[in-house]
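Input: structures, listed below.
One chain, subunit A, links the two complexes that follow: it is found with subunit B in the first and with subunit C in the second.
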Partner chain A sequence: MARRHHALSRHLTLAALALLPVAVLSVFFVLPVSGMIARGFWPEGSFDPGGVLDVLRRPRVHRVLWFTVWSSASATALAVLLGVPTAYVLHRLRIPGRSVVRAALLVPFVLPTVVVGVAFRELFGESGPLAFLGLEGTALGIIAALVFFNVAVVVRAVGAAWESLDRRPGEAAAALGASPWQVWWTVTLPALRPALVSAASVVFLFCATAFGVVLTMGGLRYATVETEIYLLTTQLLDLQAAAALSVLQLVVVVGLLLVAARTRATPSGGTARVTAPAQRVRVRDLPALSVASFTLLLVGLPIGTLVAGSLTVDGSWSLDNFRKLTTKGDNDALLVPVTDALGTSLRTAFDATWISLTLGLLVAVVVTRRSRSRAERRVRGLLDGFFMLPLGVSAVTLGFGFLITLDRPPLELRDSPMLVPIAQALVALPLVVRTIVPVLAGIDDRQRQAAASLGASPLRAVLTVDVPAVWKPLLAASGFAFAASLGEFGATSFLVREQEPTVPVVIFRLLGHPGADNYGMALAASVVLAATTAIVMLAVERLRVPTIGAV
Partner chain B sequence: MLRVRLSSTHGAADPPNLIRLAPAKGVTMYHPARALAALASLALTGSLLGCSTMGGDDDKSADESGSGSTTVKLVTHDSFALPEDLQAKFEKDSGLQLEILASGDAGAVTNKLVLTKDSPIGDVAFGVDNTFASRPVDEGVFEEYAAKLPAGADQYVLEDIGDHLTPIDNANVCVNIDTGYFEKLKLPEPETLDDLAKPVYRGRFVVPGAATSSPGMAFLLTTIAEYGDDWPAYWAKLMDNDTLLVDGWESAYQGEFSQGGGKGKRPIVLSYDTSPAFTVDEAGTSSTTKALLHTCFPQTEYAGVLAGADNPEGARALIDFLLSPEVQAALPDSMYVFPVDENVELPATWAKFAVQPTDPHTVDPAEIAENREQWLTEWRDVTTR
Partner chain C sequence: MAELKQAAALSVRGLTVAYDGQDAVDDVSLDLPAGEVLAVLGPSGCGKSTLLRAIAGLEEPESGSILFDGADLVGVPTHRRGFALMFQDGQLFGHQSVAENVGYPLRLRRTPRTEVRARVAELLELVGLPDHADRRPDTLSGGERQRVALARALAVSPRLLLLDEPLSALDKTLRERLAAELRDILATAGTTALLVTHDHDEAFTVAGRMALMRAGRIVQEGPIEEVWAQPADPDAARFLGYARVLDGAAADRVLTTAGLPTGAAVALRRSALTVSDDGPLAGIVVASRVTPEQLRLEVDVPDLGVLDAVAPLGTHTAGAGEQVRLNVDRTRLAAIPVD
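Showing the complex of A and B:
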């Protein structure tokens, strides 16, 4: 009797925890997206799935889908190959200035794609120093840009997991005579697998829904599902075809998530409660170091180009572009100065961060608690995947969906100032969940039970067991969420109000107006956005509570 | 706030007791209190510094919370701009608060309006152009309003559409060239569409794509007007001549054009007839670029009262305001377009360097609406290999 009561209250508690995130996602994601898809299935008010199915038979759709899948898969594979050694170097080795480098790596994440397009073109374009590589206008160029954007996701997620990895199994294996390679292959890699698979699936989703990169780097020669949806929705208003592609997108995403969930299957007990101290650099770290250098080069070169461009006026060095950021540009190209937009961006990012952290923590807790039955495990698995969906669905569909579904009471929300931070939080949420879940799941449940048996109150058990392990990943996640929000352009550009634009929106606008000043200001604003991200990331890392004994 | 979440959520799901393992040797106890204090202080600092969109908007929503008749909402594209003092003047004269919802390009705005016609997102729309005008009017997005047009504006009123849309401004999409480039190389300047496909201009032209850019679409329409059904053959020649296709005007003009911000390599670019007014030297005596007036397509931007608007009266007042001499005179500097009012004096550099074509190419809006998809599909087949 007592036991049944216990189980019931357990289920109720978990359901209550899941309620808020599920409700938010339903209103701000499921409803708008299904609203748009429904318009495609009910074109004239009557159900006509035939039109949608016809679209799926078009050869063009097959080509577009195939290109999306293979380009995203290659970019993901490359990001992992580069990201894992880089994570090792930046999170396990004692390298001077590594926290600065780690912060800098996140910069691409916030750069508006238009700006990255400019930077890449200056490097790889006709007149650039790397023109001989012939990357411009090729699929390879698109893939390189996708890796540039996303390698930080792998470095950060894998790095955070690596730091909190219990080193004793590896040391034991080594003591028993395993070679470094054997230790890596049999001990470290399996322990990192959850974080690795998580990061890879996030990267894949980001790549598959990339929009600006494909257009700027591909020179319109390549179309992905995302660019196709954009074209169909905003230019042709062919909602049937757009709905078909949105459904296709969802199917691919769900398929990917199922595969990921299988591969992720978590070994437990891998999470240590203390961060391992960084190791001295040894000769055998050389391969990892060289891969890391290459990654830094890939990320650093375009950023360097951008910084150099922002500091140049008429061919000579100058800070003028930065000074002008307090103005509205040539001929009042802007309605508010860039400095005001930066304020708006920071406020919005702050809101998006706490929203995504709150929701993300709730989701992570619900998803990682040990299941008592098969059905329960299945429900948790579904929930886990559910919160990844916003990454895999077109920002255009979501943005237009907001307009047509959140327009009347009780959900008259499309004019709400909170819509932008919420939309950004939805994009950041999967990052938060994917960063925290592997760590929470890695905590041996017996530790909590033990704490309880020693008389710790539930609160105390959480404070001594969960919080120490989750603390760092939580900081990493908040940094991620903040960066994702600062740089978000897709959904934001559909929602933002003219009086309160964010920095990416302002940059886009500056680039869209003639006048050399405006171009220079756009570059300077991008550098400011990048620097802001880097500083925030550094501050977040500094906030880490020093663990006594480590260092 | 974070603090509460952290503790309560975990605590509630506490598992039953089991045997415990001893803490690992050498692992020191962690201080959760400090962690929480740091988190809490982070959250607190954030809210103290006003790092939230919510605090700031409270005051504003208090002002806006009145009925629909005290505010007028303008739906427009992301290139919209008007000097602040003019906006203030409108608010003062009309007693209405002006709220601007600007996002996306002309196409996105138009389609947004069509999608939300049953519950319009604003009272009045600005920025639907002649290439997109047909569909929203057919779909009943706009209410009729016969505004009093300034002198010269009549010529822009669209047949069949009449009072649904009021012309506000106009500009032509034209090929632009870097005149110094051709002078230096002692090459003849190109003049016509045919010229662009000639070997001498090989690898020198950059144009934004029709599928992703509204000037790009206008250029496609120019070629359709010029070559009729043979336009795909012309485009094939253009592509064979190593014409560079990019995603938007930004990439073409700012990125690849030799007189744009990024100092690119290509001396021929698709832009507007107004662009040469922005490449004038400091003395104001010469411009480094010029528009090729035989390659132009007119783009007129319209405003219209949205059917079912909360504040149709305010919407009409705003359209009148957009037609007023002050706004018309501000259009060149703010939005790089010509006013429809022919009596308005243009800025000095415009009068000199923004030369308008006398007989641009045109295509009927209804024909565009009917064929847009077909044309774009064919265009993509020709341009993407």
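Showing the complex of A and C:
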């Protein structure tokens, strides 16, 4: 009796912890997404899968799919080719100021997508420094922007793995007569493969679901599945086609997430993380150094051009673009001044942060507790995967799903000010979970057992063992969630209330209105947003949490 | 002189614990009198750690009971059992200093600060690390870490100390020295302790009682000399460090030579056969090796097969192929009853 009761109360505690995140994700994620999908399969209230299949036969859909796949694949390949040598230089070589460079590299990853689009337009556009390349509005331009975005993911994931790599197998191989190149090929690369595959699959995912970049750079000529869903829902009102593409995307994403989960590097056990000391730069590092320089150029140039553009009015330096941020733009392009939008953005990001942090922490605790049976382990695995879903589902699908499912009682939330923060929190949730889970999972459960055997209550054991390990990653995760939410555009563009736009929405609107002043204001607003994000990320980098960004 | 029959402090009855759907501990019963140290000895995977964890309250038993001083512990959470558990690798808290680690259980019990400080100093003295109070765990050697873990486990004088392979992670010399120290420290503190190990030397040095465990069951239990002198079966004998086990006609011949009744299997220690010119057994040396104490031989005895034997250093230079005679030392073999 007592025994049953004991096991039951343990399960009840965990179920209670899981209840809130599961409920939130069900109402604000599963419901909207399935509502959106249902519109496609039940167009007139009756089941009609044929229509969905018809959509998949359209030549334009084929073109969109093909473009999505090949642009994402090439961007991923490029990000890996640039990222691995850069990871080596920034994580294994003794380079002055490398921690600052590492932090700077992280900025593009959290930069608002719209800002990146603007930056690349500046770079490749008529008066841009790289205009001669003729890349404006080309597929290559979009791929460059996608690489700009994601190279940091590869650098961080591979760099962290490289730092904690046991050097002895490589030394053993060298002692057996392997050349440096053979050591790399036969020992180092296989050891890095889990981190590499995991990073590549995540980058592919980000590229394939990229929205703001493609929308601002590709226009109508180059559409990916994500922008096509946007186009179909907002412009053409062809919900059936949009639903078909959403389902397709969901299937591909779930498959990719499974691959990523399989190959995810297992965190090395807690306290004993070895970090190999950095090496002196040698002549044979020259190729890696030049690739790393190119990566830095790729990351630095668009940002530099953006900043320069924002400081230029009619060909001369001026702060006018920034001064105009207190106005509503030429011909009242906006309903509120940009400065108001910045306030809204910060408030929204703050709310999104605490929501995603609360949910993420609960999820992380539930999925990392030691399972006592196989069934329990499976349930935890499923939960873990469940909360990764927002990572891959089109933010556009999510945003539009909100609109069509949460608009009537009992869930009439259409005008709730919490709608945008909740949507942003869901988008940031996987990042939060992925940052905290490895830390909690890396704590040897025997630490808690040792505390318990010495007389510590479960709560006290958590305070002794978990809290000291997790508070820094938690702080880093909140910075990450804050930055992600500041830049979120896909879902926000649907849900935002007319009178309370966020900065990315305002930038997009300014770009859509003619007038040099409006364009200059868009640049200035982009710089402000990028600077805010960069400051948050620099603070995060100072915390030195290794797993950040390694999804 | 009257032998006081002590009541068992820890008493395990019919305990079965499943781990991943299989019975890791299968119907185990054992008793541990207060103030004694019991070693549960068994190969890896025999369920000894699961048994320890169940006693600590970290695994839920399928059936059976765990009693301490007569009270059933099933359902009592780990932190209310008043035990202390020491792991193979110590599991010190990395963010706390040595003194903070040792004082941790005292702070949990809201001991006044001056008292904590005095007790911590006393404990660090006991484990031989009086100057290490302010060190961080990651600056300690493996042996030092285990000493700190021991001090932490002893801090509040637990009514039962559970030790999970406490010395296995250390190298041989250190292990032997620490085992002897551990015995003295436990004896000084009068601690009732249960030690789980796969190393019979460690068990002999630290414990007074021994339980042999195999495939989830206790095969033999008793005072250490008894278990040692009378292994329950051939496998037990091998695990206890006997070099060879003979049965049938070969066993009878050895037992007859030793002047013991026949009809049993016999377990031989390496030193059960010694080279002696008037020995009753004759054989041919197959291999020989010099060790610091003695000359170790492998001798092929007709009808018995290859057996281990020893000779004092310097008396013989028996090389391979040489004929030798062997004496049987009856104090260095054990007859194992066959059923």
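Just so we're on the same page, the second predicted complex is superposed on the first by the 358 of 551 C-alpha atoms of A that agree within 3 Å, B and C clash if a C-alpha of one lies under 4 Å from a C-alpha of the other, contacts with A are read in each partner's own complex, and residues count from 1 in each chain.
Keep this in mind: a residue touches a chain if its C-beta (ideal position, glycine included) is under 8 Å from a C-beta of that chain, and two chains touch if they have at least 3 such contacts.
Because the structure is a prediction, the values reported are computed rather than measured.
Asker: In the overlaid three-chain picture, which partner chain does A:A333 touch, first (subunit B) or second (subunit C), both, or neither?
Answerer: first
Asker: If we overlay the two complexes on their shared chain A, which of subunit B and subunit C does A:R374 touch? Say first, second, both or neither.
Answerer: Touch partner of A:R374: subunit C, not subunit B.
Asker: Per the contact definition in the header, classify A:R39: touching subunit B only (first), subunit C only (second), both, or neither.
Answerer: After superposition on chain A, A:R39 lies in contact with subunit B alone.
Asker: Which partner does A:M418 contact after superposing on A: first (subunit B), second (subunit C), both, neither?
Answerer: First partner only, subunit B.
Asker: Return first, second, both or neither, reflecting whether A:S457 touches subunit B, subunit C, both chains, or no partner chain.
Answerer: both
Asker: Which partner, once the models are overlaid, touches more of subunit A's residues, subunit C or subunit B?
Answerer: Touching more residues of subunit A than the other partner does is B.
Asker: Based on the superposed arrangement, let me know which partner A:N518 touches: subunit B (first), subunit C (second), both, or neither?
Answerer: first
Asker: Which partner does A:P468 reach: the first (subunit B), the second (subunit C), both, or neither?
Answerer: After superposition on chain A, A:P468 lies in contact with both partners, subunit B and subunit C.
Asker: Quick check for you: in the superposed arrangement, does A:Q447 touch first (subunit B), second (subunit C), both or neither?
Answerer: Both partners, subunit B and subunit C.
Asker: Which parts of subunit A are in contact with subunit B and also with subunit C?
Answerer: 6, 444, 446-447, 449-454, 457-458, 461, 464, 468
Asker: Looking at the complex, which residues from subunit A come into contact with subunit C?
Answerer: Touching subunit C from subunit A are residues 2-3, 5-7, 270-271, 372-374, 444, 446-447, 449-458, 460-461, 464-465, 468-469.
Asker: Spell out the part of subunit B that touches subunit A in their complex, as residue ranges.
Answerer: The contact residues of subunit B facing subunit A are 1-2, 5-7, 9-21, 24, 26-36, 38, 42-43, 46, 50-54, 56-57, 61, 76, 78-81, 83-84, 99-105, 107-108, 111-112, 114-116, 119, 121, 135, 209, 211-212, 217, 244-251, 253-256, 260-262, 264-266, 271, 275, 278-279, 333-334, 336, 372-373, 376, 383-385.
Asker: With touch defined as at the start, can you tell me which subunit C residues reach subunit A in the complex?
Answerer: 20-21, 56-58, 60-61, 74-75, 77-87, 91, 93-95, 104-105, 108-109, 137-138, 152-153, 155-156, 162
Asker: Using the touch rule from the top, collect the residues of subunit A that touch subunit B in their complex.
Answerer: Those in contact with subunit B are residues 6, 10, 13-14, 17, 39, 114, 117-118, 121-122, 125-127, 168, 212, 215-216, 219-223, 227, 230-231, 233-238, 272-274, 309, 330-335, 344, 346-348, 350-351, 354, 357-358, 361-362, 365, 369-370, 400, 403-404, 407-408, 414, 417-418, 420-421, 444-454, 457-459, 461-464, 466-468, 471, 493-499, 505, 508-509, 511-516, 518-520, 522, 543, 545, 547-550.
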